[in-house]
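Heads up, the next two complexes both have chain A, just with different partners, chain B and then chain C.
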Partner chain A sequence: MSEKEDKPKNKTRREFLQELGYVGIGAVIGGSAIFAGINYDKRKRQIDRIKVLTAENELIEIDRKDAGKVVKSKQEVLTYLQKEGREGIVGKRWVMVIDLSRCRNARKCMSSCQSAHHLRPEQSHITTLKMQESLDTPPYYMPKQCQHCDNPPCVAVCPVDATFKRPDGIVLIDNERCIGCRFCIAACPYSARYFNWSKPLHEQEDKDLTYNVELNVPQRKGTITKCLFSADRVREGKLPYCVGACPNGVFYFGDENEDAVTNGTTKETVRFKKLLEDNGGYRLMAELGTNPRVYYLPPKGKSYPFQDKDREEAEEHLKG
Partner chain B sequence: MLDQLKSDTITSDLLRHIRLNKAFIIWMGVLGISFLVCIYAYTIQLRDGLGVAGIRDYVSWGLYISNFVFFVAVSLIGMLMTAVLGLIGIKWASPLARIAEIIALAFASVAGLVIISDMGRPDRLLYVFIHGRVQSPIVWDITVVTIYIIISLLLLYLPLIPDFKICYDKLEKAPKIQRTIYKILSLNWNNTPEQQKIIKNSIRVLAILIIPVAFGIHTVTSWLFANTSRAGWDSTIFGPYFVSGAFVAGCAAVIIAMYFYRYNYKLKDYITDMHFDKMAKLLVLVSLVYLYFNLNEFMVPGYKMKKFDAIHLNELFTGAHALLFWSTQLLGLVLPIIILLFKQMRKPLPVMVVSIFVLVGAWFKRYIIVVPTQEHPYLPIQNVPLNFKFYTPTLIEILITIAPILLAIIIITILSKVIPIIPIHETLEELEEPEKVGNK
Partner chain C sequence: MYKKNIGLKLTTIILGSLLAINVAAQNWNIPADQSAKNSSFPFNASTAKEGEAIFTKNCVSCHGNPGKGNSLKSLSPIPPDLAGAVTQHRTDGDIFYIISTGRVIMPSFKDVLTDQDRWKVISYIRSFNKDYVQVLSKFDSGKSKLVKITMEFDAKTNQIKVLVKANETTGVVSLKNDEVELFAKRYFGKLQIDKTNRTDANGLVVFSFPKDLPGDKNGNVDLIVSVNDDSYGEVQYQKVFKVGVPTNKPSLTEKRAIWNVLAKAPVWLILTYLFCVFLVLSVFGYIVYNLFKLNKSSDIKNLKS
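The block that comes next holds the complex of A and B.
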């Protein structure tokens, strides 16, 4: 198609042929490239191109078949997870209800939490306490974790914004940011925060994992760890680790906006407000004004007696 | 002629200690080696984490934070001596101003290092500046401590400018490099009236500026505790309680330093019995104020005995911390006040001995403020090993706590070997002044 474009003037036959050769080859290559390119592009634009959001929040278009080749550096994944972790889940307000009348101190919540977050035996984001308000009142078992306060003292005192409150109500800790000053431990009235005093339990096994702020794994030496309301599970639409592990139906978890909470054992979903109203729900140390997102139902009509062997430990706290 | 002779004697007396001698080298050697041992302990902590110390999840602030509070407390004396006493024109305090300022500078700058030894991730120190949140009292603390260090440095340096000139002129035997430094630091001081006016005005401005900053550093330090809702820390008087306690510790530190300088540097004619008498009276005054705040701090919750306050106070008054509590209150506060009320006890040696008790008491008082509260949180401590419930410092932790104390002493020792410990220029000026009045 390109030979016709050449119009030789006053040239020898030899020169003419030579030039014709060059131009011809060039034109064939160039023309076919343009042709192929236009066709290719047309075809691609319609079906095989996809839009991708980069970690830097840029919208770019790539070939669908190249999607698998996109190399995400560890840093990019980390940045993405940290960003996502700080934004939370739009439109939700997570709440937990703990029914103290059903707790038998089975401690399945503790063990599932410890294995999910790679914790040492003495660390547990959730712990069941043997509680007693005064020497004359009955003791009971109480699972206790971070209360995910709406007015969190730990977030207020953090000097580097390592611990933060998400719009969906969860208080998280970014252990890539934490400087280990432990001011949050001092400020938390619920003793809900733990520190990695030495090298974490699974340091070797976890060393290639990218840090997930919603799971706080891998744990890091010299930083804080605490209950995360299992933000990683919640993102997948599942119940938190402890809630799912409880054999006794102690925990309810759900969304305050939907006014619905689901029991982790029976999987029964009930009205959140009604559950509190029917059972006299309360919050721990409400007088401190921290506004926790964890609600307790009183240990009324306990389905399991408080063990005699635990009485001494429950009373210990009341003595100076 | 006689005047010239007198001022020459004063100058040579006050410059005598600026030289290297055997005692200094041995003293620095001992300090240096001990310091290196402590630094070795810190490298272990860097390698293995804060777990090498006795602090755990419940008592998570231990010796390091107590030490930090102590260092900030002692550093406040610079403000009291140079600014407050200087501005209201108390003449006897001016020869002691430089000692106070050296102590202030050394303790304030080392306080910054103490806080680093308590960090789980010291490698992320810069995050405080990169990601700093203005809502956090830690950020306030870092800001005011930095400002305090800068103003203290200036308050030490400005009155030194004329003295650097004297050092350059008179210390002909000193190494050449030392004399060059004196010359540079003296900023071409010629003792002209104009220069004198500039220096006087600058010192005055700084002296006024440092008062709110000094109140700031210790008030903010007290808020690290008072801004939490823990029984024992949740107190509205923590600011003045800490500031008044700081003056007690600082006065004691200055008295101990005065005693040391008087005998080692042969300054009997300049740091006189009168100075010890006056400083002892000042110590009694600030101790009485501190006693008053102690009364408030323990009596008010003690009268009501609310559930968790009661547990805390019982622990202090009769429980595991009772011995330490009553020792600090009686040996470190009440008895010193009583002893120093007697005139014959306000001689250099007894005042110095009492001051040692006061200073050691002040350190342990910080421990009493920081640690016991954390042993009794609102919710029970359960499902953890026994060492999580009761705090016991480890050897490594103790060494790391001693390191900053040694470092502060090293800084003070070096400074007092290169600058005149009593302001020469001011002493000479005061010598001239009464004569001027007399001539009129």
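The block that comes next holds the complex of A and C.
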């Protein structure tokens, strides 16, 4: 006890000054450390804080790590696409005109369709058929896809409202609803529908894609796929994939309400009714009362010859 | 002597027809003013590269790659190899005209490619010709801003009158003998109205407008007028006129039909369905009623008393 009390008394002036020196140095080091810390914090704040404009039009500052992009969930995007796909484009009535006199079986329509809708090589929403009615009549090529009927038998038979007709005339298939019963395949007089018997071509790549009913991608095994009049392209004001890909000017596409169709190759716009009138336009199997939205111009004055390799095949069929 | 004469005649005929075929094959009837046209920008490696991309998309499927001789031989006439002498001997204006108008099986690219794009394709084609020396157009693109276009609709005669003038520093000048085209805007492109006309001495040009062209629900049609002048370049002007037939057709899913949604089912179908449901329910009700009656009549207490 006495020892403790004695110790401060024993501290010499030299020792006191020495201690004071240590405290001083410590204070300077500590102080500068604090200063540096504040400075760092300030700089950090500038980097980590961002200015955000709120919905109420107020400019506020928030921490960057608190900010999150407003990303629609996959379900929300899907709901939006489904709604948009059912509503169609208001005030339009899409029509297609196919000029058979210009088709030379280049098959560019088929390949562009296949790549757009991620179809397998053996699948296609559009095919070019080799046609010859009798041995005496000249053969010709005929592109054929879904006729987007105004009285569609396929839609009438669908038990789950998976395939539907839009106000703008396009007949679509919703693979979120399709149960794969294939009633529509049986009902379609134009054989325009295809069933996905096997796994889709880009199954792995398309895994994370949200289903777009206007493109029918990703394709799904056990459901129907069919021509969509390229509803996604038409929404953007562009011509359908097949129409734009044709090198020979076979396809015209447009709006019946505007009485104008645009050629996919030359991009020339002509009056729809006049085109049909001047060239004797007709529709496939009109007698069935399906009222197709696809019109054909007869192969009169063909610009291209029927290829010899196809001629033999056509004649073979006629003999049998 | 006689035989010799026949021989001579035959040779003349054969030679003549050969020459005629040759001429016909190359006969594009290119007007002299079109033939003298030139690009306003110089051709270089980058324009040729851009031209190559356009060429690959639009031309390769028939003409093949220049210099490779892989054009589509099944066509008649066979599309020429564009690195060949026939094409390279033409002027830039000739090639521009050919791409623009097309002939027989060659489609017109006037509405597909812009003027710039067409010149870029020519730049690509010329890159296969080492002896080629470009002649640049003397055209001043800044002058197109001076052009003033006014458009009027005359309801009595159903005509669109277009007046083309230019505000030069020396005063207002009327553009004479210029090609003017009138278009109606449609969803996928421009529909040409009437035919291409030329301005008169006062810069005036008149188009007759069809009476049956559909407009929007108020009858409005977006009209575009395009003027092409040698010294002022191409000028476009756009204006909305109430000249069309008001069109407001109902949507195609409006009518009641068997293929339509539940709310739009045909009346006969709804009635038949409701009748069937009523029939089944009434049979059930009848059975229940009878069971109830049976139960009442077979009441043992009632029987005993």
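As a working rule, the second predicted complex is superposed on the first by the 242 of 320 C-alpha atoms of A that agree within 3 Å, B and C clash if a C-alpha of one lies under 4 Å from a C-alpha of the other, contacts with A are read in each partner's own complex, and residues count from 1 in each chain.
The criterion applied here is as follows: a contact is a pair of C-beta atoms (placed from the backbone, for glycine too) under 8 Å apart; a residue touches a chain by one contact, two chains touch by 3 or more.
For clarity, every value in this text was computed on a predicted model and none was experimentally measured.
Using the contact criterion defined above for the overlaid structures, shared-chain residue A:Thr266 touches chain C, although it does not reach chain B.
After overlaying the two complexes on the shared chain, residue contacts for A:Glu122 are found with chain B alone; chain C is out of touch.
By the touch criterion defined above, A:Glu19 lies against neither chain B nor chain C after alignment on the C-alpha atoms of chain A. When both complexes are overlaid on chain A, the residue A:Ser191 reaches chain B alone and has no touch with chain C. By the touch criterion defined above, A:Pro305 lies against chain C but remains apart from chain B after alignment on the C-alpha atoms of chain A. In the overlay built on the shared chain, the residue A:Pro159 is in contact with chain B alone; chain C does not reach it. When the two structures are aligned on the shared chain, A:Leu239 is found in touch with chain C, with no touch to chain B. Once chain A of one complex is fitted onto chain A of the other, the partner contacts of A:Arg93 are limited to chain C, with no touch recorded for chain B.
In the superposition on chain A, contact of A:Glu61 is made with neither chain B nor chain C. In the three-chain superposition model, chain A touches both chain B and chain C at residues 153, 156, 161.
By the touch criterion stated above, chain C contacts chain A in their complex at residues 61-62, 74-76, 102, 104-105, 107-112, 184, 186-192, 212-214, 217, 247-249, 251-254, 257-261.
Of all residues in chain A, only 88, 90-93, 104, 106, 108, 150-153, 155-156, 161, 164-169, 237-239, 247-249, 253-255, 257-260, 262, 265-271, 303-305, 307 touch chain C in the complex they form.
Residues 110, 122-124, 127-131, 144, 153, 156-162, 177-183, 185-187, 189-191, 193-199, 221-223, 285, 288, 313-314, 316-320 of chain A touch chain B in their complex. Against chain A, in their complex, chain B makes its touches with residues 48-52, 55-58, 60-61, 118-121, 124-125, 127-128, 130-133, 135-139, 224-225, 227-230, 310-315, 318-319, 374, 376-385, 388.
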